[in-house]
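One chain, chain A, links the two complexes that follow: it is found with chain B in the first and with chain C in the second.
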Partner chain A sequence: MRSAVLTKGVPDFSEGAVSFDEDGHLERGKTPTVMNPNDAFALEAALQTKVRHGGHVSVMSMGPPGYESVLQEAMASVYADDLYLLSDRECAAADTWATAITLCSALEKYQEEVRKLDLVFAGFKTADGETGQTGPQTCWGLEWPIVTHAIALDVDPDERTLRAKRLVEGDVDEIETVEASLPCVVVTDPEFEPTYRKASHRLEHKRLRAETEARAESYDEHLTTWDHVDMNLDPDYIGLDGSPTIVSSVDPIPKAPSEREATMIEPDDRDGMERLLEEMQPFAAGD
Partner chain B sequence: MVDPDEHTVDELIEELDTIDDEAELNAILEAERGGRDRKTAREAIEERIAAVGGEGDATEGEYEETAETVGDEAGGEEAGDGELEEEAEEESATAEEPAEDEDEDELSHPTRDKRHVRALEDGHYEDVWVYCETQEGELLDVSKEMLGKARELMDDYAAEFGDEENVVAVVIGDDVEGLAEECLAYGADVAVYHEDPRLERFLHKPYAEITAHMARGQGSAESTNWREYDEPRYFLFPATNNGRDLSAQTQAELDSGLASDCSGLFIGEEEVANPVKTGEPGVKKTFERVLHMKRPDFSGFEYSTILCLDNPGRDFHPQGCSVIPGSFEPIEPDPEREGLVVEHEMDLAEDWFRVEITDHDRLEAGVDLTGHEVIVCLGRGIGDDPTQGIELGLDLVDAFDDAALGITRGIVTSSYQFEGHVEEYTKEERQIGETGQVVAPDLYVAAGVSGAVQHKVGMDESETIVAINTDPDARIRDFSDYFVEGDLFEVLPRLTEAIEAGELRLEAVADGGDD
Partner chain C sequence: MADDGYEHYEAIVVGCGPGGAAAASRLADHGIETLVLERGVEAGSKNVSGGLIYAEESAPYTIDELFPGFREEATERPVTDYYIHNVSGRKVKTYDLTDLHEHDTDWCDAVLRRTMDGWLEERVHEKTSETGGGVLTGVRVNGLLRENGRIVGVTCDELDPITADFVVAADGVNSELARDAGLMDWEEPDEWFQGVKAVVDVDPDAIDSRFSIGDGEGVAHLFSGDLFEDVRGGGFLYTNADSLSIGTVFHLDSLVEQRAEPHELLDALLTHPLLAGWLGDEYHEREYAAKLVPDSKKVAHREPYRDRLVLVGDAAGQMQAQGPIIKGMNHAVTAGALAADAFAVTRGNADPEAAGRRYAKMLEDSGTMEKLRPRRYDLARTVGEREAVTNAVEAVLDSRVGSAALGNPVADRLLKRAYNSPLLVSMLPDTRTGYVTIPAVVGEELGRTIHWESEIEPPSLEERIGDLTYDTDVGNPHIRLRDESVEESGAAVYACPVSAEDFGGGCYRAETVKTNGTEETLVSLDTQPCVECGTCAVVADTEWEHPRGGKGVEFRQG
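Moving on to the complex of A and B:
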């Protein structure tokens, strides 16, 4: 099985890492870039496929040269075999459609020059853009079948099919079992869970981890960078120039007038804390 | 010939990389099947066959032709199994060299992706279209909400611009004519539906093909003669798992853009200085009748307003978006409202059904946070030690008679690593807020919760709200009754202990201040 995993670097929104200016705008320069948290599930799905069936996993990302560290992180977590960074000034400020065109072109180049792919994995929304559109749009360009919101995956290499469970939202939430032919795009849901039932799978998992540690150290030897010329992309169709949408304004969500007058309490303010306890005590568990 | 029996799989893969002859590779595959028949070995050989077969399978001419035969794609350019790739290779065997060795800077063949880009220029656009998602034979609530909003937008539109444009509902499924009629009662002027037993449940490819086909006004004359425009002006989709996917793929097919997960929409003009959109640096251009799509940002404290604007020489219509369920009110349904119901006609290619739904089931309702006396909700303030943060929250829950643990969206989408025993409490099913559960307990304890507006709507009907936060300016202060200005890692254990003991012990207070 040959897989590609699409990943993105995003600002690290975890407490302590993220930096906002006084107006509450994200300060990207001061906020470190990490792998998009949701992409971890796509990587897990690719790893599961590799552990169970063997093969090769390539990780691909579009972003500035600084994203190499994101790819290194991805390599270590998925025991990836190699890395592809699509990096070019012309790609900057792309919206989802311009991004999808770039990813699609890179995947086509990969298939023409490296190998045919069986599976392309992507995560659900990115932590910064939060659109959830890029995976399905990349798939539209590839003209492959797609399974989104996958929470469990089984691939049958002999039949060249996959079976997946996926989540459907609506007025009631549902779970579907679907079968699709390969090649296929799989977008994992944050609820995705890999399973390794057999002992041999767990051993293989361990073996791959050991093997990858060294590779992730010298990840740059396994890194290929493509620019727009490599991908034969017309600058009018990528980056800002190729993006249908723009962000016209970012406004603070208007602060509603105070609805309640909060009593301020310092933790060491005994009177205040006691008053608070009086409010809570009626709900205390009985003996 | 390489005898696969004599090699380990790894060795074999190396050997294979030196072989370009497909016939020889096929022979090796046969030998493997007849011999050790290792799955991984077979795969490696098949991969190599595909790789050899895949080289140079696309030429400039093919792409351009595809780009121009937009209406014919139902013919199925791609088939379900790998064998097709070999056929493609034969067809283009004469074009060994990709166009890349021509002058690189010129990119002499246009973007090869143009086959995916079916651009319009100077098109004519009208109406707002609404994709009305269904489930179990009924319109989703969000479908009715979008119709209500679209009605309001178009009534205002007529008042402001003097043009009567329609609200057009799209319904796809099995046996959906009745639902299309129902859309009229909820505000649509026209309802276009496509029904087919194979479409009983959502499938990406056929649903997106049909939606785009409808939008372009393709189909028989009698099903399209109610309209005289190229494509819709605006297109709304529900921001559900399937609705969002459909929005992305339909807009891709129509070569346009969209904003996802919007909760505010209005139409108005916009002056833009971006040279990509104006065509000329330094010149401002006013775009008329622009759909302003407002979406709450990742931070939870900002709205971004997204616009989908034409470039010079490349139209980006319809202006699309997906809409968060619950954002708008449906109108009071009026069964007497008149309108047009149109059945859409289109042949569906077999090839579009490469994904098959073999089973479906309602998901067991997850955790129900409503109906408890007390909710303890944790936010990103647990970030210093997420696992301990959850544990402290659970300890406080246990101190109450009838309490449950909730979390903010910030926790659900965080990259925190939780240890196994608390991980089950960190899933989306415990999320409180706009896209989670709405609770109104007697006592709501929000620890480390900043108070984004999306969170507020999920809890501000609570009787008594207690916030614990290190930042006295946190927004949650404005809708709290008590605000303990302190670190939840210190305050929660104190509260738990005091509630269990029935009194606030002096020692606990004294011990706590260890700075």
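Moving on to the complex of A and C:
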């Protein structure tokens, strides 16, 4: 099985890492870039396929040269075989449409020059854009079938099909099982969980981890960078110029009003605890 | 993959302690495809031992032969001096036990199991990978796979069932496979010891100077007498590279009879003035741990096999208490290696029990079984346990004449010789005479008085539990209390090493429940603080299983 996983570097929104200015704008320069958290599930799905059926996993990302560390992280976590960075000033400020065109061209180049792909994996929306469009739009360009919200996956290499469980949201979450032919795009849901119920699969997983540790150290030897010329892309159709999306304005979301006052009481503060109990007394009766 | 849809390996080894590691390593030596399944996050994370591993001159296998570099990489310090202290209050009489210790001993090292077993796991994985297998951690084998009533493999929490031509249960003292096969049970408290241990931080240079030893030397101290009241058992102290292993081991039936709290008995040792000089002013406990120990004299299985399954190490009750010296890991290594050899020579034999029978014979022929379960003990047992005899000896010792007799210089020499006689110490009856009365009288009559004071304040049970690492399997407790009555399960409240009377944060607690005007005391269970020792499986009415792979307590020292 030959797979490609699409990933993106996003600001690290985790507590302590992210930095906002006074107006509530993200300070990109002060916030580290990390792999989009949802992409971890796409990587896990690709790894599961590789562990079960063997093959090769390439990780691909569009972004500035600084994304190399993101790709290295992806290699270490998914035991990827090689990395592709689509990096060009012309690609900057792309919306989902222009990004999808870039990714799609890169995947086509990969198939022509490297090898035909069986599967392309993408994560469910990025932590910064939150659109969830890029994966499906890329698939539209490839003209492949797509399975979204995948939470479990089983590939049959002989029949060249895959079966997936999809989480269908509604008033009550439902799970449907679908089948698709290969090649296929799979967008994983954050509920995706790889399953390794065979000892041989777990041993293979362990072997790949050991093998990849050294590879991720020297990841740059396995990194290919393509610019718009390599991908034969017209600058008018990529980056800011190729993006039909117009952001007219951004309204900061006001902070939620805090109407209630909080009083901190330390657990060993005896008097404070007594006051607390007095305060709670009236409610004890169910009033 | 076989036709029945199950994954198949030639051999499966359950558990990657010394027994499992030895078995897997030898199986790989024979070119056998071997899968090792270990439930801990890493081998050693579920293992506790007092801390001495022996290499016996008479043993067919030793761990350093199977794993070159073992002593350099995986152990703490060798034991170069060995003492036993007979304690009576503040009076202590010390005997040099080195002769007994060195009897049949090639070498003996103190170990911490996380380091040791973790190192073994890597070696085992390397070796078994070469023959198509490997080690998987975080996988709990929960039972035996049977076909037409015959054992053909194992079932797991995390994996689909796997078949094998040979299954080695090296899954420890609470072996679920041994119980599933009907070979072992958890019925009689007098078949078990319970050990608790504290690993205490001490600077390596301080160890050298306080114990008057050089680099690359180590000591073992044993303690008996009245510092544990009337509970039958004793204490130990071993030197590690930069810590001390200090613990106590008691007969489980005695703990139950005396309603003793294991952690308090450990504290009695830790705070005895004798230890004050060794522990220094700063007491920092790295880890509190506990373990159940089978008494091989009573439970070592003479035919530890069924169908394709063989039992190895603690799972087969192969833990020898040679008087004060406890040998377990060395026998597990021998048994594991012999089991592997037994399978190798009977490979291809149509009879599924051929390997098991050969293994049992090899245990006998190598003299291992005689060490574990001496036939003379089986004969002497009936005498040793006759209360009339015991009471007579006690009465004499308690009298002035008896005490004086023990106190004269001739008795002193005889006692030293008696303590150092492998035969005599293995024959000591399991009564308070050997454990409490004689040592206390010796200490009283011959001992010198320790004058310094101990200022050690061991952590509370709550602090000890708080310092342990757990990955709790929320909503899926691994022990169920079948009978909540005090009569059936009340003993767990004090015998469990992480429970205590009047302590609400432990596993077991007694609670008074008022219903319709009547008051009743019931036992309740919260498995969160469980250290998976198995004590409650013996002393209370429970359904006892290990937690799922990777869940539960994780020992960092062991």
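Going forward, the second predicted complex is superposed on the first by the 251 of 287 C-alpha atoms of A that agree within 3 Å, B and C clash if a C-alpha of one lies under 4 Å from a C-alpha of the other, contacts with A are read in each partner's own complex, and residues count from 1 in each chain.
Just so it is clear, contacts are C-beta pairs under 8 Å (C-beta built on N, C-alpha and C of every residue); 3 or more make two chains touch, one makes a residue touch a chain.
Just so we're clear, the structure is a prediction, and the values are computed from it rather than from any experiment.
Contacts of A:K198 after superposition on the shared chain: chain C is touched, whereas chain B is not.
In the superposition on chain A, A:R115 contacts chain B only, with no contact to chain C. Of the two partner chains placed by the overlay, neither chain B nor chain C lies in contact with A:E221.
In the superposed model, A:H149 makes contact with chain B only, not with chain C. Of the two partner chains placed by the overlay, only chain B lies in contact with A:F283; chain C stays clear of it.
Of the two partner chains placed by superposition, only chain B is touched by A:D158; chain C is not. Of the two partner chains, chain B is the only one touched by A:R2; chain C is not. After superposition on the shared chain, chain A has more residues touched by B, the comparison being chain B against chain C. Within chain A, no residue touches chain B in one complex and chain C in the other.
By the touch rule above, chain A contacts chain C in their complex via residues 197-200, 202-203, 206-207.
Those residues of chain C that touch chain A in the complex are listed here as 7, 9, 35, 37, 125, 129, 133-134, 136, 139, 158-160, 162. On chain A, the positions that touch chain B within their shared complex are 1-2, 12-16, 20, 24-26, 34, 37-38, 40, 53-55, 95-97, 100-101, 104-105, 108, 111-112, 114-116, 127-128, 130-134, 136-137, 139-141, 143-149, 157-158, 160, 163, 166-184, 190-191, 229, 232-234, 236-237, 240-241, 243-253, 255-268, 270, 272-277, 279-281, 283-286.
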